[in-house]
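Common to both upcoming complexes is subunit A, partnered first by subunit B, then by subunit C.
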Partner chain A sequence: MSRLIRSRLFWGALGLVLIALLLPLGVSGYILGVLIPAYYFAVFAMSWDLLFGFAGEVNFGPTFLVGLGAYGAGILDAQTGLPISVCVLFGALLAVVGGLLLALPALRLSGPYFGLITLVAVLLLQQMVTVFAHVSGGEIGLTIPDVLSIDDATNYYFALGFMIVSALVLFGLSRSSAGLILQACGQDPVEAQALGFNVAKHKVAAFCVSALFSGVSGALLVFYYGTASPGTVIDIAVGVQVIIAAVLGGRRTILGAVLGAVFLVAAGEILRPLGQLSTFVVSAFALVVILLVPAGFLGTLLYRRASR
Partner chain B sequence: MNVKLAHPDIVTRPIGFDAPPLLRVAGLTKRFGGLVAVKDMGFSVAPGEILGLIGPNGSGKSTVMKLIMGIERPNAGQVMVDGTDVAGWPSHRIARHGVGLVFQHSRPLHRQTVGENIKLALLPDSLLKLIADPGVDHRARVIAQRVGLGAVFDRLPATLPFADLRRLELAKAIARDPKIVLVDEPFAGLTSGEVGAFCELIASFRAEGRAVLLVDHNVKSVAALVDRVLAMYLGEFVAEGSAAEVMANPTVRQVYLGAGTIETSARADIEDRPGAPLLDVRDLSVFYGKAQALDHVSIHVKQGEFVSVVGLNGAGKTTLFNAISGLVPFTGSVGFDGQALAGRTPASIARGTGLAGGIVQCPESRELFDSMSVRENLDLGGSRLSAAERRRQLDWLFELFPILQSRASQVAGKMSGGEQQMLAIARALMMRPKLLILDEPTLGLAPVILEQLSHALETLRTTTSITVLLGEQNVTFAIPHADRVYVLEHARIVWEGDPARFAREAGGAYL
Partner chain C sequence: MFVSQIIIDGFAISALYGLGAVGFTLMFGVSGVLNLAHGATMLVAAVVAWLVADRLGSLGGAFAGVLAGVATAFGTYFCVVRPIQRSRAIPREETEIFVLTGTLLWGIMLQEAVAYFTTTSPHTVRPLIAGVTEIAGVRTPTNEILTAILCWAAIGGLWLLVNRTRAGKALLAASVNPRGLTLLGYELSNIYLLVWAIYGVLAGIAGVLLGAFLGVSSDNAGTLTASAFSIVVLGGLGSVSGSLIAAYCVGYLETLTSYMISPSFRNIPALILLVAVVYLRPQGLLGRR
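== the complex of A and B ==
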């Protein structure tokens, strides 16, 4: 039966990838413009699910890691004009350092205390951006001289490719032996240790991997937009959206986060005519889904029969 | 437990093994703040030996187990595993060094099959290991066969009965191939049929030359299996020897049954009074997940009666009281004062209806507000009384427990265990309950405190018309005040009668 589930997931994912690949042939640049950030957003959500669903750590500030990657890459590019690849690498490195910084309190504190620290980390980063406005562009945002491409289709395929590679790596990791151990560490650290697993080591590794993908994705998003602003990559509200996307898609599924992210971004766009009300409608819908089907889209599809 | 008692003439193995011990604990001490949970414990277990470590709740036996496994760090002492002192090592290193722990509560990975859960335990502690070695699947199947999970290898844990989940915990421990196996309450929640199968599995550890430490509440449940028993109480060593010897040990009997002879003073007329009982529990069953904690229990308490439910730790007393108080879901019915309690919230059950008080439980864990003062705790209990009534109730309670008056401004969490217990009872009485439930009030208390408590209960019984339901392991404490006694054993009521008859009939077989 587990093989059947896996194949159902495989065929479903393959179908969606094919549709995504063919999309630029049939739809307008406007729709591609909506989907590109959604794909980067999906990587944020998948990285978050690795921490929450597998390592069992509730990180209320995913944008701390995303923001470090985005601003690290953006500032380096604006200041030195180094190639984009070097800047992205630098942003990713900065995010991993941030991930390690978050891992330290995570190993000492638990539950609400750790959650509070992750929130404060986001506020600190946002403050830093404001205080060092001459380098970071402050509240208005940082204009970045380089962009990935000015062609919609190129940007689209790049974002899609990056998301697919990230999904393969993160999903593969989650289903690997190391992922199994990580899941055990997250669910019952005492028992995991009694089985001989170094819980600290596995959790730190999870923080690093999550930070790496968040950071790279944040950096690439900046090079797509050509700007970086606290409102798009750091603000707590953005972080909450990432969390909602991951939970909506299905905790502990990794791939569900993609569905959640695309759904959130697309729904926000479709409901744009409602103005301010659109955010309300999307949030209310997300709330209802979380209340009624806490397993999320993919979690419900895959595990509904199995878990009850 | 339905395990047969080991008779002295069929003790499974001679005591004193030739081989050097695999596990040797010496001078082990653990303090939690001011509380000494484990004090200078020492013992050893030889290869192929099963040692039972027993003690009532709060005796420190579980802490000893956690200290050996490294889940808690000892303040002093040695834990020698096969000649290496592992005291203070992190848990995962101790596990790698050959110590395995079979947890009482199973928490498997729910999205993974039984087989994958066993494979988890077979994996090396590596970040880079993405694909398990090819031999792992085969080894997992062999282990599953051995513990009796072969047929459900590809099923998800949620679909398994409780006993199979315990088997899965055993399988995970076996997978690590430990030299020393620690088993926490091996038979908790199992039916008598399943107990036999688990006994065989644990005995097979002995045959393989592993050192086994069984941790349990009482001798009775592990007697058939162990080579030797060590009893502890209040963190300290009490007795050691064969199961029969330890059961006959006067100190052990005192710990479990209480000291001295049992005097009874039942008021036989109360139960025979006409009218419906105040509390009427019928066919009450409770499940924790898949483990049955209570099995069709029926008890009743008349207005003004003092009823004791006696039973060893783990028999289901606390579960029974929690069900009555509305804290755990149950099947069956609980009637109080002519009304069914099903569907009422715990708060409304405790408050009662109208002017009449409700059912107030003074729980085993006391549940005081630790950072509030004695007076604040009491005032909270009496928050629904008028100022004048509260004052009267307080004065009465300070008379009943004079020590509380002198400690009125002290923080509850900083008091001794005995004082905390008195405060817990006093706080419950501030609510003016119609029925007071006392759950294991003597737990972990010194004899002199027991005497004070006993005196207070006697005063309560003779000077007020309060109805009390007392749950106790210590029969010497429970019987003297009781008008009627129930014996709860392994989730069932097995005996009911007056205290004098209990002293004659049931007392002997109780431990």
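== the complex of A and C ==
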């Protein structure tokens, strides 16, 4: 049974990857332009799922890590003009430091208390961006001199490749013994500790990995847009979207987050004619999914036959 | 003059924060629900008050606003919270995160609906009283004084209800030990209905007063939720008096910062205080573990 599920997941994922690979041959630049941010977004959602689904940490502020990576890379590039790879590395480093900062309270606090800390972290970061507007560009945004590429297809393949690599690493991690231990730590830390696992070490590691991928993805997104603004990488609304994407796709599936993210971004685009109401419709849909099929898209597909 | 201005302005703001946070903390204390649609509930109340005040005057508007607050609270309970709590597909231990996500989405829906019907520009509810009164040499809008008085009246009313009436004592008991209460023959779902009704009234009043005092826009529903959440955590989840103390700490800290340093730094010290308190004393000022 488990092999069947695994292979079903494998073939499904392979098929989707093939479609995604062939897409630039057949569709317009507009659709690619919609999908590129969606792929980076998917990485945010997968990293969030690693923290929430596996480590059991209610993180309301995924954009704290994303924003640190994005602004770290963006500001370094705007100030010094170093090569993009160095800037992305710096952003990733900054995000990992942010992840460690979040991990410290996470070891002591639980549930809503930790959730609030993450929320406050986002608000503080947003305030910092506004206060140090001369460096960060403030509310309007930071313009970045370098971009990854001006060619749609190149950008697309880069985003797709990055997403696939992240998905492989995160998914592999979640199915490895470390992932199992992490899940145990999230569900019952006392028992996990009694079994001799170092809960603190695993949780800190989860935060670092999550922060690394969020940060790199945020930094790359900034180099795709050529600009960074609180509205695109820090605002709580963005964080909420990440959470919705991961929950829609299915918690504890990692790969489900990709489906959720692409769905959310695509739905936002298709519903654009509705104007302001589009957010309303997307939220209502997400609410209905949560109420009726709480396991999410992939969770329902995979575990429907399991005893429930 | 300067000092008394800070004292007076800070007092009114803090009273409003206190009222806004009390409903939130009561809800958590009694039914364990953290309602992330809190800001949106206040927003709906304020916007309805603003709309109705044009036809029925400011008193009619305020009344309609409070009613809208109650209606929104019941909507949240029946459309979101209760289905999640009763769902069989959601494991017990994950109910909390589902309620959080569900109310968050519901709040966004309310906020977007308000934005659609009344645009995102800020609305200021017509004040209940016009005019200016001089206190200790500070010219204060009479409405500001009335706001502080009404906030404290509402909080006082809540205190009387909880400590002096039978239904209120049942609420208190539900926050301590729900199972014990059901053993005494109380229907827990009725208690929850009551707490949502009280919550709706409190959030409605807070929303209307906030709309008249500072104005509201659909964009800051999230900020309202976040500040109520942080005040409540600072005071200790579930503790009403803790929330009031925390509201005054935050209110005065913000007023001091915006007068002494700059309004754009307004909420930074409060956020840092919050992180420090939660880190050193996770249960908050007066919270129980």
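Assume the second predicted complex is superposed on the first by the 307 of 308 C-alpha atoms of A that agree within 3 Å, B and C clash if a C-alpha of one lies under 4 Å from a C-alpha of the other, contacts with A are read in each partner's own complex, and residues count from 1 in each chain.
Note that contacts are C-beta pairs under 8 Å (C-beta built on N, C-alpha and C of every residue); 3 or more make two chains touch, one makes a residue touch a chain.
Predicted model, so just to flag it, every value in this text is computed and none were measured.
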So, after the overlay on subunit A, do subunit B and subunit C clash or fit? They clash
Query = If you stack the two complexes on chain A, which partner ends up touching A:Gln276: first (subunit B), second (subunit C), both, or neither?
reply = second
Where does A:Ala178 make contact in the superposed view: on subunit B (first), on subunit C (second), on both, or on neither? first
The answer to whether subunit B or subunit C touches more of subunit A is C
Practice prompt. Once the structures are superposed on A, label A:Arg252 by its partner contacts, choosing first (subunit B), second (subunit C), both or neither.
Written response: first
Q: Report for A:Ala284: first if it touches subunit B alone, second if subunit C alone, otherwise both or neither.
A: second
Looking at the overlay, what does A:Phe197 touch: subunit B (first), subunit C (second), both, or neither?
-> first
Answer with first, second, both or neither: which of subunit B and subunit C does A:Ala205 touch in the superposed model?
first
Subunit A positions within both the subunit B interface and the subunit C interface are 187, 308
Per the touch rule above, subunit A residues touching subunit B in the complex are 1-2, 172-173, 176-178, 180-181, 183-184, 187-188, 190-199, 201-202, 205, 252, 303, 306-308
So, in the complex, the side of subunit B touching subunit A is made of residues 69-71, 90-92, 95-96, 100-101, 103, 107, 109-113, 116, 119-121, 123, 125-132, 154, 156, 158, 172, 176
The subunit C residues in contact with subunit A across the complex are 34, 80, 83-84, 87, 89-90, 93, 96-98, 100-102, 104-106, 108-109, 112-113, 115-116, 222, 226, 229-230, 233, 237, 264-265, 267-268, 271-272, 274-275, 278-279, 282
The answer for subunit A against subunit C in the complex is residues 52, 58, 105, 108-109, 111-113, 115-117, 119-120, 123-124, 127, 130-131, 187, 236-237, 240, 243-244, 247, 276-277, 279-280, 283-284, 286-287, 290-291, 293-295, 308
